Amino acid sequence: MSSNPTVSVFGASGYAGALAADLVQKHPNFKLKAITSRSDAGRKLNELYPHYRVAQELEEFDINRHGDVDAAIVAYPHGAAAPIVKELIEGGVKVVDLSADFRLRDQATYEEWYVPHQAPELLADAVYGLPELYRDQIKHAQLVANPGCYPTAAILALRPLATELEILDVVIDAKSGVSGAGRAATDKTHFVAVDENVSAYGVPRHRHTPEIEQELAALGSPVTITFTPHLVPLDQGELVSCYVSVAGGVGGELEGMYEDYYEDEAFVELATTPPGVRDVRDTNICRISVHRDERTGRAIVFGAIDNLWKGTASQAIQNLNLMFGFDEGAGIS
Amino acid sequence: MSSNPTVSVFGASGYAGALAADLVQKHPNFKLKAITSRSDAGRKLNELYPHYRVAQELEEFDINRHGDVDAAIVAYPHGAAAPIVKELIEGGVKVVDLSADFRLRDQATYEEWYVPHQAPELLADAVYGLPELYRDQIKHAQLVANPGCYPTAAILALRPLATELEILDVVIDAKSGVSGAGRAATDKTHFVAVDENVSAYGVPRHRHTPEIEQELAALGSPVTITFTPHLVPLDQGELVSCYVSVAGGVGGELEGMYEDYYEDEAFVELATTPPGVRDVRDTNICRISVHRDERTGRAIVFGAIDNLWKGTASQAIQNLNLMFGFDEGAGIS
Amino acid sequence: MSSNPTVSVFGASGYAGALAADLVQKHPNFKLKAITSRSDAGRKLNELYPHYRVAQELEEFDINRHGDVDAAIVAYPHGAAAPIVKELIEGGVKVVDLSADFRLRDQATYEEWYVPHQAPELLADAVYGLPELYRDQIKHAQLVANPGCYPTAAILALRPLATELEILDVVIDAKSGVSGAGRAATDKTHFVAVDENVSAYGVPRHRHTPEIEQELAALGSPVTITFTPHLVPLDQGELVSCYVSVAGGVGGELEGMYEDYYEDEAFVELATTPPGVRDVRDTNICRISVHRDERTGRAIVFGAIDNLWKGTASQAIQNLNLMFGFDEGAGIS
Amino acid sequence: MSSNPTVSVFGASGYAGALAADLVQKHPNFKLKAITSRSDAGRKLNELYPHYRVAQELEEFDINRHGDVDAAIVAYPHGAAAPIVKELIEGGVKVVDLSADFRLRDQATYEEWYVPHQAPELLADAVYGLPELYRDQIKHAQLVANPGCYPTAAILALRPLATELEILDVVIDAKSGVSGAGRAATDKTHFVAVDENVSAYGVPRHRHTPEIEQELAALGSPVTITFTPHLVPLDQGELVSCYVSVAGGVGGELEGMYEDYYEDEAFVELATTPPGVRDVRDTNICRISVHRDERTGRAIVFGAIDNLWKGTASQAIQNLNLMFGFDEGAGIS
């Protein structure tokens, strides 16, 4: 392994891929090799995103030309990602996949919520790329499934409760900026549709639901959740508001419990008042506050992230740092 | 009673009072008499709010000069409203009070959540001004307590469930535009604090909680709720997302149940997809959709209103219309 | 002529056409007959625009079915409008055309800035639909060319100067909300592209330039102007900032001069401080302030309108009111 | 001089001072010593600005305690800055002053537009801190007057024209995000006042006017300008649109002329299409495009900056880098 491993971003014309390319280019340890795009091949990335200042040209993906690279960030849609991930893995490339294709460990669950799986044989070795939970496994993984943006915030927000107590029921009401809906220009992402508006979508079955349930169960709280995202008029940022019923109700121990879990985590920040998404804009940080609703015995937990950063691209870098033995925060602090 | 009753707005320099003055001025049946303001006396209302085009001057309130009027809309802060309401009531004026002072029928509950009550003797005759629930009582009331903005949306959204089924538990996650925080310029309402942000406030004890609980109980579902509002970067508009557990879980009957309650209501609109606050901007309409979450047995109900209109000022006009025997939608359709 | 003339809106799925349909439906004197759309035929208008509450279905345009109507508002793109306008005119229908096709009296100028003209024989009888300038001609016109949004604000802002003084040079720097860019979902109208952004477009030759020049010349000031529009992150609203050099420089007479022109105009409002677009949102009003820059001898004039209202749809109603002899402000006050 | 000079920020609770403190804290060569604030002494900066993550406490300024520092960034209001700057200069501290107090070389001009000058004896040695113009002088200066945000963008946008050609007249129409209006919560900065709005302010005599004129004259084009700023609904970002008449009109040489001036400047970026403020958000870059309006012979130049970065705080760091012999882009690239 060279001291400056090469990294390519496949699918770099979307919001997450473009930011990933920018972060790789600025990274002190990695070298950006190629960037690809089906829709925008031939254009330079800084034409699409002047603020990223990545002057490299987007190419059409070709495994023969692009397979020779130390690592890849794959930013393809779910379903489309699995085949290219498979080719890369077989070629010995380390992969962080931003799609949902390798997040759900159970193939049947994936196929219930998404599409038939194109590379189920890789599921067993894929690691769920939430470093705060799976740091050691990520270090030794060849394939890391980068978590969804909502699951990242929700799982970090609920982790101490799910582990220390028994979660009986949880309602997660999430609010996301429009970059979460992707770069496609549609009736839903038109400025006039979003401005001065707020509404729910994906009701009542958003695809991030089983991903959150999988990890809560892994932490010790198997529970069927209610998860409802909303679109709000801002560009980057995501807030999850979690209403949690635990066996016996919560007492006064909540803040200490969260400190135990997170005081040594560089990218989790505890606050005593509800966090705003502005507090974490353009950072890899998840900012969390936990509150006791003494009238109902519920815990109320808020988690704020930047959906493009900790929710996607900078978390991919965090994973790559772990996979290559670099400082976990290199290039994203 | 003359055919054009006079109406004054006391406390007309805030957002709700100013809109109320505008609506009265444009009303086909009412005549705007006086508008008052402690902080802005001597200024014309259209200097503060050019878009309302009310050229009348704001005066300092004086019961001797202002008591001779057929009706009053009182837009004072809670606690400050009760004394002036009392003076007006004693003078025979019909009053719609926008504050919280007469919304809670139980004095002790009011004093637990607010301040000592200045006119508890009026509580027995005050009518809660949600026309869809108390239309007949409003018609004969001298004092109507205009509901809070969040309770308006929440109660209308939950009414069929609370009446027809037994609500066991409900989480209400609300999102409000910044006009809901009032006209005072503060660190919280500064553009730069709100823009690109979303965060919760009033956690875990927002004052609209007992008001919602009072009405759910009156409908047949006494329940301790969890209510959490959030501030979102828009000016007018409010969405409540209600997650409701009912005895036995909900079945497929939800849409029909809601139609039964609302098909004849001019200001409640049922939608099959989640409503956006843009859909009801500058209207007296509450737009509602109800969904069944079959995985958990919950009902998920969304209610969207314009917090300044149905949430406050136009609902006050709706109440005045009823109190004077006019068409319920006069001046607000 | 019946007392309730029928009006159809052809091209009602765009922002301007949809608002026009809404205004016709609410109008006390007109009756909305048909609404058409090429792209959305078969859908109800309130599916596309819930806030307009026009439940009528969009049809495919067919002159045989749709020609029998008293008046039409045509909301087609430039070039596409002329042929349908011609058919309607020949059928005796009164037409307000929202496109640019009949705004420029000189065919060659139109063809230099747009496309070959499809119905130049109608140009001689078309009236430029700015009521404040051409009220009498509009009353007797069969074909009214509704002005562009920028020209509406700019011409009203400059009219007194262009008439009373000799304008030597004018720079018009305009700012528009995103609805001015139309309903099409594109990279330019995506929320994330517009939010937190401001930039110029149409540099240096925006098509509204010759329209403004035509009318300034007609008022007595033939001048080559510089006109540059900018996109700002808001939905509705347009501000023109006009920097005007006049022969001899301006003196202290400006405010009086503007009052002379506009004190009797119901839809022009003079302000002493620079107007904001919020002041005129959802109104047919153009709000103007004029200032003397004594260091340069320039006049600085600001004009604010709602681009969808006075800039397009409500001005179309104002024109229809004149064409049918109704109160000029009916349905738009 | 140690290899890590200490820097204090006096007046660190405003937007510019807070960002300056954050940039100093992250800087590879400087060490943040103290931060002060009159209004917020005793609070930690990250309570006011969670996203800056500067945990240091704001102190009350005291020259005895705070005078022992290598350099200071002074973020006081104009008038209030001069006395503290004088104390620091006399104590041998290198100062970058963010106020207007030392920008205008002519005392009389300063006093015409601002207030009586408190330290005119320092004017002769103060250097105008626009590195692209005064790089060499800044390297040897003890007192650098950091430019105003509008002048930064305007002077950079006009520099090649002002130097190579003779500017006869220029209209500068500027648009700024709300952070430019400062942190004070007022009627003007309330979210509801700014949202969905755009309007001019400071008409017709904004205080940045003489600063721009001073530098254009220094470049060879003494000219009386018209400068009008507007407030637009975004947080950070500033665009100047400059309409320039030059002797003889402009020809086709514009782009080459700009390249000559800026191809070696790390923080000036030339674009072929009009820049948006999003393109430079959170950067020290001024992005410029120049266009020829052949109909009028004018040049149209756009310059976009982030008002808090290149417009204030990061430019202060750029100046400090020069003053201490560090890489000009250290800590701000």
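Order as written gives the chain letters A, B, C and D; numbering starts at 1 within each chain.
In this section, contacts are C-beta pairs under 8 Å (C-beta built on N, C-alpha and C of every residue); 3 or more make two chains touch, one makes a residue touch a chain.
Just so you know, these numbers come straight off a predicted model, no measurement behind them.
Colleague: Which is the least count of steps on a path of touching chains running from chain A to chain C?
Modeller: Step count on the best path from chain A to chain C: 1.
Colleague: Which one of the chains is farthest from chain B, going by Cα centres?
Modeller: When every chain centre is compared against chain B, the largest gap points to D.
Colleague: Is the C-beta contact count larger for C-D or for B-D?
Modeller: Higher C-beta contact count between the two pairs: C-D.
Colleague: CA centre of chain A versus CA centre of chain D: separation in Å?
Modeller: 37
Colleague: Round to the nearest whole Å and give the separation of the Cα centres of chain C and chain D.
Modeller: For chain C versus chain D, the centre distance works out to 39 Å.
Colleague: Quick one: report the Å distance separating chain B from chain D, using the average Cα coordinate of each chain.
Modeller: 46
Colleague: Among all residues of chain A, which ones touch two or more of the remaining chains?
Modeller: Chain A, residues with two or more chain partners: 193, 195-196, 233-235, 275-276, 278, 281.
Colleague: Residue numbers of chain A touching chain C in their complex, please.
Modeller: Within the complex, chain A touches chain C at residues 15, 178-179, 183, 185-187, 189-196, 233-235.
Colleague: Spell out the residues on chain C that touch chain D in their complex, using ranges where they run on.
Modeller: 169, 171, 173, 175, 177, 193, 195-201, 203-205, 209, 224-226, 228, 230, 232-237, 239, 241, 243, 274-278, 281, 291-296, 298, 300, 302, 304
Colleague: So in the complex, the part of chain B that touches chain C is made up of which residues?
Modeller: So the residues of chain B in touch with chain C come to 50-51, 196, 271, 275-276, 278-283, 287.
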